[in-house]
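When the chains are written out, they are named A, B, C, D and E in that same order, and each has its own residue count from 1.
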Amino acid sequence: MRDLSDPLRPVPGSQSPAAAPILETRGLGYDAGGRVLIDGLDLTIRPCRRTVVLGANGAGKSLALRLMHGLMRPARGEVLWQGKPLDRQARAAQAMVFQRPVMLRRSVRANLRFALVVHGFAGRERALREARALEQARLTDLAHRPARVLSGGEQQRLALARALATEPRILFLDEPTASLDPASTHAVETLIDAAHAAGITIVLVTHDLGQARRLGDDVIFLHAGQVAETGPAARVLTAPSSGPARAWIDGRLYFDPTP
Amino acid sequence: MRDLSDPLRPVPGSQSPAAAPILETRGLGYDAGGRVLIDGLDLTIRPCRRTVVLGANGAGKSLALRLMHGLMRPARGEVLWQGKPLDRQARAAQAMVFQRPVMLRRSVRANLRFALVVHGFAGRERALREARALEQARLTDLAHRPARVLSGGEQQRLALARALATEPRILFLDEPTASLDPASTHAVETLIDAAHAAGITIVLVTHDLGQARRLGDDVIFLHAGQVAETGPAARVLTAPSSGPARAWIDGRLYFDPTP
Amino acid sequence: DDFIIVQSTTSTQNSGLFDDLLPKFQAKTGIEVRVVAVGTGQAIKNAANGDGDVLFVHAKPAEEKFVADGDGVVRYDVMYNDFVIVGPADDPAGVAGSSDVTAALTTIAQAQAPFASRGDDSGTHKAELRLWKAAGVDAPAASGDWYRETGSGMGATLNAGTAMGAYIMTDRATWIAFGNKGDYQIAVQGDERMFNQYGIILVNPETHPGVKAELGQAFVDWVVSPEGQDAIAAYKVDGQQLFFPNAGE
Amino acid sequence: MQPDTGIIAAAMGLILSGNADLIEIVGLSLRVTLSAVILSCAIGLPLGAAVGAWRFPGRGVLAVLLNALMGLPPVVVGLAVYLMLSASGPFGPLRLLYTPTAMIIAQTILVTPIVAALTRQAIEDLQSEYGEQFASLGVGPVRRLSALLWDARVGLLTVALAGFGRAVAEVGAVMIVGGNINHVTRVMTTTIALETSKGNLQLALALGVVLLGLALVVNAAVMAVRGVSARAAHA
Amino acid sequence: MQPDTGIIAAAMGLILSGNADLIEIVGLSLRVTLSAVILSCAIGLPLGAAVGAWRFPGRGVLAVLLNALMGLPPVVVGLAVYLMLSASGPFGPLRLLYTPTAMIIAQTILVTPIVAALTRQAIEDLQSEYGEQFASLGVGPVRRLSALLWDARVGLLTVALAGFGRAVAEVGAVMIVGGNINHVTRVMTTTIALETSKGNLQLALALGVVLLGLALVVNAAVMAVRGVSARAAHA
């Protein structure tokens, strides 16, 4: 397994904006059902930073995450992982929590174990991580329950714990607290912070302005499959320069003035 | 079809707390996997009011809604609809938006049409309602898209529109804005308000304190499958009397002081 | 493994002869005989592939060709029974009681009474075709009309023919042992041209090295020996002798 | 034995010869098989869906029974139908024995349990996803079936193809009730059996290859349709 | 004809008689069928899962081929296996012809495409749900198959039962390669065919009822196991 002394792994805290991007997209495009859904995305994800992806429903946030994670083949453009095209090995260093978590038809514990086994953990090491992940997700008491009967929030916590247990370099989170109660939301934000502090790059989709403020270093704002605005969270979330971002923050619908 | 002059239908605005309950549960209980998941719920839903159901993840909110809607057979106790046991006909006067919306393997429009056909609408009437529902959910442009490729937020909007299109007497909403952007959240809250104004009784699960404040008349607070507290929203959300409710509002975990 | 495989036909098997004969042989020699009962054509083909040690069928010309082709060592006559024509009790063509097979067939053809033929190139089928020819009737030309080729074994043809109310030519052994006779009776019998000769051949071990020549030869020898011949003659169903041994005649 | 290429070549030769008898036999095979599959689907799809989607006492027993009936022996079905249709049987007066209709009846009896049992499984899976939504909408029992069948249609095509496979390959039952009568009820499988019993193994194999080719064409056509419908339905 | 009650009674009588021949025949039937089904599952489950879950060129063609092979005619399979195992065939020296092993081989060839084709469909459905999660976790191709097969096990039981149904009812192929030799390769279906050709229709039907009863017992046992496993797996 990779360990923390991996020379390629950036030192935690090295958040200088000048650091080489860990992941970039160049002119990324995706079509389906005869429509252009993602159009010319040039994104830069900097290592060890928390990038928040914002945008209206249907803006293409989840699609963008899937493309960056290499789950879908782009129609145009490319995704670069540390400057090189994404391959299977690169993806093994990534993890994602889906908007609608996929639970295997197994117990909570077996869901975690599956991910750990896939990532090569075995024996005591695996048991330890399993226990820690259950603890993190506060699911220890439910470890033997079939995962698919868990409540919405419990499933979301399990999905996050499963992703974290594999120790990714980058973690894609698609609305990870959408179904969580306030205390769990707080706990998950703390977990994300801890992961970030441990050097994991975070890419987070959320509709919660407060969360974006609390967790975001950089912001990518999508609108209708295109980038409307990017920049440091401090600026974009207080003084957005694009119409869509302004409207979103105000809780208004944005209608393109030039139709 | 039922029309608005239905004599059984309470006049909108008759929100007197003394009105006979539209739905009651008596000692409702549910077990699964060898555990008591819902325990002795005595709930009263008053007609034409908006009842907000709160509680931590796994508290049993979704199960409670399912039991009230008659989707599951309770292990103990009973559900009374206008004083009589729930039957199939009573359920036809109810609608529910699930926490994880179920989309038929059909187009957006066909999903709406299916619900309308089931409720006996036909011809011009159905076409009108279909168009109106698409408009409400802002999905008119996506009407021909397969429903299962919609984004999370779009699916949630479609599920709400589908439930509203059947003109229920009571509407159960399980975290209906969890994946919605701020503007859509606002739009959905407006829709809920309009439905309420038209005399539809609302039962809403949410984790959003602001939403509970904006939409709630009454609050039911669940903890570990039991009722922790009930009362008018104005009181419960400002001066909760139970430990769990206080902790939830503060965004803290609640640990039972008497284990 | 002290066993041999005999490729034979359904008529010998369905009549129950083997069930009577083989235990006697095994008691004497300790050799187990495994019978594969299929259509005559298939039995000969299987034997020609070397998938059997002994061939025991009733189609003399084909058997002689089998030996001539080098697949068999030598052919022995074993026994005969006779063919009969069975028909429904109401006897639509009015041939019941006849012992002149060509006349009966001509009558059936003229009456266009249904006739079920096996149509499978089996020994029985070939014999039937010879008789039609002798009667001067081109029956296969009426195939699908009153002449119905079932393309299947004797039993299946009897099941089908009796259900159709058709006349059927069958061997007496199969008929006596047959369980689904309904109201059927033997209509035509006793014509010398309806004899049905069985032969036995050891598969040639020189062409087919896998053949258990010694054990196979033992079976052939026993069947044509007085002991085997007596056993065949002694086999009766409902008090009737089904096969008439004629080895060495 | 000749090498396998000989058999393929023989099959090709058979097809190219345009032999009238072969065309007749292939035509009847297709007619009987497709009729039986259509009938089996007409019965088995709703039946399987009902067992998969409805809750009623005896449902589990019925599911086991359908599964077990997938093991109906063709010869037994053939015999039972024969006894029903024979002149001395209850339906004797209809004079259906030794007609293609009798073969269609026998195959329908054989294939219906297969379609029903596999449909039950497919519908049960979909019902576990749709069930609560349907109950919430107050979908009636009949519309529930039709909706589930429609939404499961991609998977049910494979079910229908399994039924087609069983029917097209079937010989035991059609032999008994059809009688393999030349020019009347002779189909590909009974011809193959006949040629086998005649010892014409090469011809039998070549006919088998033609039959498989036929199955391949039907399957490819159905899967092409499926491809189109899947694009519209799934995701 | 006797009424049907006569047949059921005859079947009961057969079972209760504890006839040694019958027990031998039933035993061999079960042995051959279960061996063939187990082998077919060992081949067909991973094969079908691979076609259902992996993306590779020719996948669509393979899926169509598997579906078409569900229509393999038993007689043709019997013949092909016969030619392989015949003394003059390539595997003649193994001397497997007219043994239960030959019957198991033939049935395995018949049943494997059924298991594989139905598995493909079931796995394709599950893969459409799990696919992205697996890709995200970096699940390798082999573990992907095993995980999908495991999680689809409830549905795959029905697939295996469909294979069992086909195998237990099969007569054409086992007749050719087994030879229906008394006390050696005689199974239920070949006995039924033999009694039918002897005109002992009642006995044949009674044996058919016994065979169906056997299928029923096996199915009920499997479904009972399924009930237990479903409770643990599903939701």
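Couple of notes before you dig in:
In the analysis below, a residue touches a chain if its C-beta (ideal position, glycine included) is under 8 Å from a C-beta of that chain, and two chains touch if they have at least 3 such contacts.
Keep in mind it's a predicted model, so treat the numbers as computed, not measured.
The chains in contact with chain C as well as with chain E are D. Fewest steps needed to get from chain A to chain B, stepping only to touching chains, is 1.
Summed over C-beta pairs in contact, the chain pair with the top total is D-E.
Centre-to-centre spacing of chain B and chain E amounts to 50 Å, using the average Cα coordinate of each chain.
Between chain A and chain C the centroid-to-centroid distance comes to 81 Å (mean Cα coordinates, whole Å).
Inter-chain spacing, taken between the CA centroids of chain C and chain D, is 36 Å.
Of all residues in chain B, those that touch two or more other chains are 146, 149.
Residues of chain E found to touch two or more other chains are 82, 86, 88-89, 196, 201, 234.
Across the assembly, chain C contributes residues 38, 46, 49, 153, 156, 159 that each touch 2 or more other chains.
Checking each pair of chains for touch leaves A-B, A-E, B-D, C-D, C-E, D-E.
Note for the complex: chain A touches chain B at residues 32-33, 55-58, 61-62, 99-100, 142, 145-146, 149-154, 157, 175, 178-187, 207, 209, 247-254. On the chain E side of its complex with chain D, the touching residues are 1, 60, 63-65, 67-76, 78-80, 82-83, 86, 88-89, 113-114, 117-118, 120-121, 125, 128, 155, 158, 161-162, 164-166, 168-169, 171-172, 176, 188-189, 192-193, 196, 201, 204-205, 208-209, 211-212, 215-216, 218-220, 222-223, 227, 234.
The touching residues of chain A, counted against chain E in their complex, run 66, 69-71, 88, 91-92, 94-96, 98, 102, 104-106, 114-115, 117-119, 146, 148-149, 166.
The touching residues of chain D, when paired with chain B in their complex, are 129-130, 132-133, 135-140, 143, 147, 151, 232-235.
Against chain E, in their complex, chain C makes its touches with residues 5, 10, 13-14, 19, 34-38, 46, 49-51, 153-156, 158-159, 177-181, 208, 210.
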